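Look at the two complexes coming up: chain A is in both, with chain B in one and chain C in the other.
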Partner chain A sequence: MIAAGAALVMVLVYAISVWLAPWSPKRGLGLVFGILASLIFVFEMAYPYRRSRARPFGTARRWLQLHVYLGALAFLAVLIHTGFHWPGGFMGWALLLLSAWTTLTGLVGVWLQKWLPVVMSEGLRVEALYERIPALVEHLVKEADALVANASEVLERFYLAEVRTRLAVVEPSWSYLLDVRAGRERALEPFRRMSSFVDPAEKEIVNDLMTIRMEKMDLDVHYSLQGVLRSWLVVHVPPAAVLMALLVVHILAWALY
Partner chain B sequence: MSNVDRTQLQQRYERRMQLMVPAEPDLLAQQSLFAGIPEKARPKVIEKVRRYIHLVRYEVGDLVLREGEYSDSAYFIVDGAAEIVLTGESELRPSVRGGAHVPAAQRPNARPDVAPYIGRGSAGLSGTVILSALPANVGPGRGNLTLGPGEVFGEIGALSRYAVSATVKAATPLTVLQIRLPGLRMLLASSKDFKKSVEERYRERILARQLRMVPLFSRMDDSFVEDVKRRAELLSFEPGQVIVEEGSPADALLLVIGGYVKVSVHAGATDLALTYLRKGDHAGESALLLEDTWPVTLQALEHVEIVKLSREIFRAVTAAYPDVEDELWEESVKRLKARGAIKRQPNSSEYVQMAMETGLIHGESVLLIDLSTCTRCDECVRGCADAHGGEPRFMREGARYRRWLVPTACYQCTDPVCMIDCPTGAITRQVGTLEVTIDQPTCIGCGNCANRCPWGNITMVEKDEKRPDGKNVEVATKCDLCLTRPEGPACVQMCPHGSAVRISFKDLDRVTSTLT
Partner chain C sequence: MPRKPTWGTPTRSEHHPPLRRKWQFLYPSAIAAAVVAVVLVGGYLVGARGTFSPGTVTGAHGSIDSSCEQCHTTGQGVSNVRCQRCHDPASGGRLAASAHVLFGSGDPRKAAAAPDLACATCHVEHKGRAASISAVPDIQCAKCHFGNLRRHPEFAVLRASTAEAPGMNFGHKKHIEDVMKEQGLTQAAQTCATCHTKSQPRRDFEPLSFDQHCASCHTKEGSVGTVDPVPLTDVVDLEGLKARGLTAAVAALKPEEFEVARGKIARPSLRHRDPWVIFNLAKLRAEGDPEAFAGERARVEARIASLERRLAAATPFAALDKGALQDRVSALQREREGAAARLAAQAAAGDASTGVARLQEIETGLRAADAAAADEVSKLRAVAAEKGAGPAPLPTADFEARRQEVLALLEAVEAADPALKPRTADLRRRIVALVPGENAADLLTRVRDQRQASLDRLKDEIKLRDQGIAPPRAAPLEAERRELQRALTDARTQLAALAAVATTAALTDEERQKKRETATIVAAACTKCHILKAGAFEPVRAARPVLARARFIHEPHLIQADCAKCHPGTEASKVSKDLNFTGIQSCRECHKPFQAKQDCRECHLFHPKAVP
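Showing the complex of A and B:
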């Protein structure tokens, strides 16, 4: 609400100013909005220091909220600074595009952070630490190997041909972003088919293998989605750093020339 | 920096272990402790309990029990004398513990802003040191009491799981039988004399004080409480045993003095967990006031000690103190409403049931992570590591219940069993605080606390320091609720999404509202 109110005030100030006098990014309120955007960008870059400097804002959660809302307001301030006109020259375009990109990727990150945890907690039975997933997968393979160690030849052949290869390595996939249960029914079909061929004792083994396969698929989903949660910063942070560098050049250019 | 010599502490512990030997049946048979057991049954009982009994020798000045700590043993003096020192803040403590681990911030109310993060429950009897009603000339600044051969101490603390109420040290070379809790329970079941003497001592020394801590009895005059104390019945229940059945005639008020009791109601073919009772809680007032049958079933979740106050005592209380009766009516209405609510919405019972099944009810400050908002960024673990010199005190792994993860982090239990048997006193909880802390310079890495923790929340960590035998020093580490951070636990504060919470399972309303 506060952020929305602040945005409204900023737009109103701009509208009134434009109505009263021609708008220029180089003087008056145009310059003020440019300075405001720059200051917010500097604050935004301080986000990694929340761990040691959390005290002024209470919790890390408050830091993040400020980071998100101020980031969005900073982009609005940039737009107002330009007077909602396309900038002239390479520097202007670069600054505008980088501001837009950083804000957009930040908002995408917020959305991912809201959406993916819900998907993981509701759709998956297994919970795992990202770094430990390869080790857990290895453990599942050992468990499955032990299960079929004394099984019939048919079951062993089935295991080696259709199960083990899919168990042995982590298989991340983008499709899990759309559906965490993607491919699950298809993956379990061979187990159901196999169940009808084996005797009751081996049926148990097939069921256990099926459970292991499901756990492995849960781990694949975790690996994929937690990977996304960790890696989206790559598209957000480096462009933000470039933006800051260009901003310094932009300010120096304005000050000197 | 601490000036504690870990090697010296280790050697002292090893010497102590050498002085602790299994008690021989012949020696046990000679002790008055077993006199109450019929002669024919005596050898059998001795054979059964002797694995829980050790003969321990102490030099003059050695500590047997430390005030404020927890113990799972009773001590029977075979030879020599033990001195009970009631100091409140024993002078012996710093010399044993190095005095290194009680920073100023550990004082009660020293961190007023942390309450929302550490989920401090409502005040109750837990954590309260019960000072035994020792003779009037004994006590802080007044004098000490000396116990001699044939006398028993420590049994009430072990049974009720209250913190030890006084420091006990050897006044002369002392030989005692250390009787661990299972042995103590066996003896209570086998020897009527022993049971009677324990009960009498309990009645004489503790009961009046405990009754006074229950709001129901807090305003009564001494003679009234004395009368109640005299007429009260003491009962013990095994884990799983039904104490009262819903619908059975109500004839008493039950006051829990040790252990946990499940309160449930029948709903069709199943039982719905309503709440649980812990030491200091009471049940039965609704039925007595309404002159009705028991509206709930009470079942012991573990070994439970109960004081039973008959209908007559209850009537005498309500007749003499009408304001107490009014309060009990209010309490009864509240409880009956809660019972009705659970019956109407059985789902809300599920978390109470889960807490009882998983042992979370013991937790004074349990870390929970909401997986539906947690982005698995591990900021909680990093924050914890930053607050503890790079070594995190918990793992973001553990049991999962619906969308909640219960990480491997200390629950700060009401009755911290990890504190039993620490040979150097490295693990402590200051009276009135939640934080069970381990003083690393004093820890000799025996692993007793880690082995005792039922939830595996204490981890042994290798340090760079070498022991005299060339091996690396190991120390126990656990969550200390970030004792040195004025802002409270880093795990909660550093979570950018507010997914990490700490709650006390004493406060069931908050548990239900948080988890659902």
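Showing the complex of A and C:
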């Protein structure tokens, strides 16, 4: 609410100012909004210090909220600074596009951070640390190998042909962003079919193999979605740093000329 | 026993892989940012300055896009002198806000008080190649003027209910009736195009000319009339004109067009712009009204001096080496100091000239006898003593009469002692330079400020030259030089014509009156249409725009409406001063939101022309 109010005030200030006098990014309120956006960007770049340094804003959560809301306001300040006009050259376009990109990727990141953990906790039975997933997969393979060590030839052949290859490697997929249980029924179908062919004594082994396969699929989902949660920073942080570099050049040019 | 799944997060073990490094993205990002900054700054240092620019400049400035110093001064932004290098090379000051105020108000004092305005305030650059920096938004105009067309006042010419006489005796009524009768037309509006013919696109109507528009009715066998006999002692005959070197001008005249008998000369036929009439009228004026003639000659001489000065100042900087620039600086410094010294001398004598000292005496004298009256005098003294108050300016008509008087006096002084000519010429130039509404102090202030502005420009140019920055190319300067040259040629031709009829003979009042009567006879055929005033024809302004501070082109408007919509009643107009124009209301009918444009710049120019 505070951020929305601030945004409204900024737009109102712009509207009244434009009504009263010509708008220029180099003078008056146009310059003020440019300076405001720059200062907010500098504050935004201090976000990595939220854990290891003093927290004047209370908690890391509060800092994150400020990071998100001020970031959005900074982009609005950039737009107001330009007078809602398209820029005319490389530097103008680069600054505007990088501001837009950084803000957009930041907001997408916020949405991912809120949505993916919920999706994973509601749709999956297994929880796992991203970094440990390859080791867990390896462990599952060993467990499955042990299960079929003394099984019949038919079951062993089935395991080697249709199960082990899918267990051996982590299989991330973008489709899990749409449905965390995607492909699950199709993956279980061979196990159900196999249950009707094996001895009743080996049916339990087939069920265990099926459980292991499910766990492996849960780990695949974790690997995919946690990977997205971590890698979105690649599209957010480097452009933000480049934006800061261009901002410095922009301010330098303004001061010189 | 069925397998138990591994619920929850697996516990850490000694085989647990290391977690993601804390600032995994930050260091590469910082490096990327540093690389970008180094590339940009390095590029700037080796000349790739476009990357520093917030946007490309407009197409007309494209050639200096990457040469920031052409417009910018490091640490000081864009100064007006850099714009003037190309756009006001003759240092006329026409781009300054004061020139705009003078152009709009005609009030030199108001103009002098106008705040300085940076060119870049209205003309914003770096908005792309296709952007028009001359497209100044209305809001800039609204800083001083009304906000929109709805609040546009009625045109000044209509508010005053008078139009400047176009120098002709002309009534639309008679001409429209004649054309309707001749061409069998039924509506008056159908006749307009007979004389008001379209010109090139966006150039409005063709100018009206005697040969094209009037001659068919107003000449009979090539003659516009006759001149009754006038004494040969007052006028010059054909041979006399030839003897005065006007052979080319009178080549078309034939001896049979003159009748000489009993010491008098008459013209049985007369041409339009007849050189004999023009010459003799000027001669008779010089003899019959020497004061007015002297005033006119002084004006032309002063104009020539002013134009010569501006033409010299308009020499492209590229053509001047550093020594020449320094010479100009020295000359300008002397002129500025001279103006400042004269101004200081006037200020020192100001109390006496404005009567402040006298008012002080009166106040002191009154104080004992009548305190109330003394207070009133005290108020008057306070007003007179205000800084820069000076004597109150004369009304325009009185001003012109007084100027004429002084110019005639100077003429007499010069005639009495030719050795004083340089001094009288200087005084004459200064008197002609005065604008109605300003006094000598205002003029000196204007001169001092103008010289200072020119000095600033020259010093800036020398500084740029020292930095190795090339002067602007000559092309933008050439247009203004051509315009100045053309005006100068016209003025010199005018002066030569005046010099040809100049006389030093002192005539009695009676003789002068006789000359004026002869002039009336010589011009009789012409005065059917032209207006003779003080021995000279009024300048003809037929079909010139009456809106002094706006530009209007008929062509696009004629698509939307016929002539009568904006000019009702023209068919009943009997005198040329009639405006036959409905005014701003007719503009508002179409120029409104979602219809025709209503921007200020659609009709108005901010900067006056280089050569008025």
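One rule holds for everything that comes next: the second predicted complex is superposed on the first by the 256 of 257 C-alpha atoms of A that agree within 3 Å, B and C clash if a C-alpha of one lies under 4 Å from a C-alpha of the other, contacts with A are read in each partner's own complex, and residues count from 1 in each chain.
In this text, a residue touches a chain if its C-beta (ideal position, glycine included) is under 8 Å from a C-beta of that chain, and two chains touch if they have at least 3 such contacts.
Remember, predicted model here, so these are calculated numbers, not experimental data.
Of the two partner chains placed by superposition, only chain C is touched by A:P87; chain B is not.
Using the contact criterion defined above for the overlaid structures, shared-chain residue A:P117 touches chain B, although it does not reach chain C. Within the superposed three-chain model, A:E127 lies in touch with chain B and with chain C [touch as defined at top].
Residue contacts after overlaying the shared chain place A:V11 against neither chain B nor chain C. In the superposition on chain A, A:P22 makes contact with chain C only, not with chain B. By the document's definition of touching, of the two partners only chain C reaches A:V237; chain B does not.
In the superposition on chain A, A:I212 makes contact with chain C only, while chain B stays out of contact range.
Taking chain A as the reference, the larger set of touched residues comes from C, when chain B and chain C are compared.
By the touch criterion defined above, A:E204 lies against chain C but remains apart from chain B after alignment on the C-alpha atoms of chain A. Across the two superposed structures, the residue set of chain A contacted by chain B and also by chain C is 127, 129-130, 230. Here chain B touches chain A in the complex through residues 371-377, 379, 382-383, 386, 396-397, 400, 403, 405, 487, 492-499, going by the rule given at the top. By the touch criterion given at the top, residues 18, 21-22, 24-25, 48, 85, 87-92, 125-132, 134-136, 143, 147, 204, 207-208, 211-212, 215, 230, 233-234, 237-238, 240-242, 244-246, 248-250, 252-253, 255-257 of chain A touch chain C in their complex. Chain contact summary for the complex, chain C toward chain A: residues 2-3, 5-10, 15-20, 22-23, 25-26, 28-30, 32-34, 36-37, 40-41, 50-56, 68, 72, 74-75, 77-78, 121-122, 124, 126-128, 131, 137, 139-140, 143. Taken together, the chain A residues at the contact with chain B in this complex read 50-52, 54-55, 58-61, 63-64, 113-114, 116-118, 120-122, 127, 129-130, 226, 229-230.
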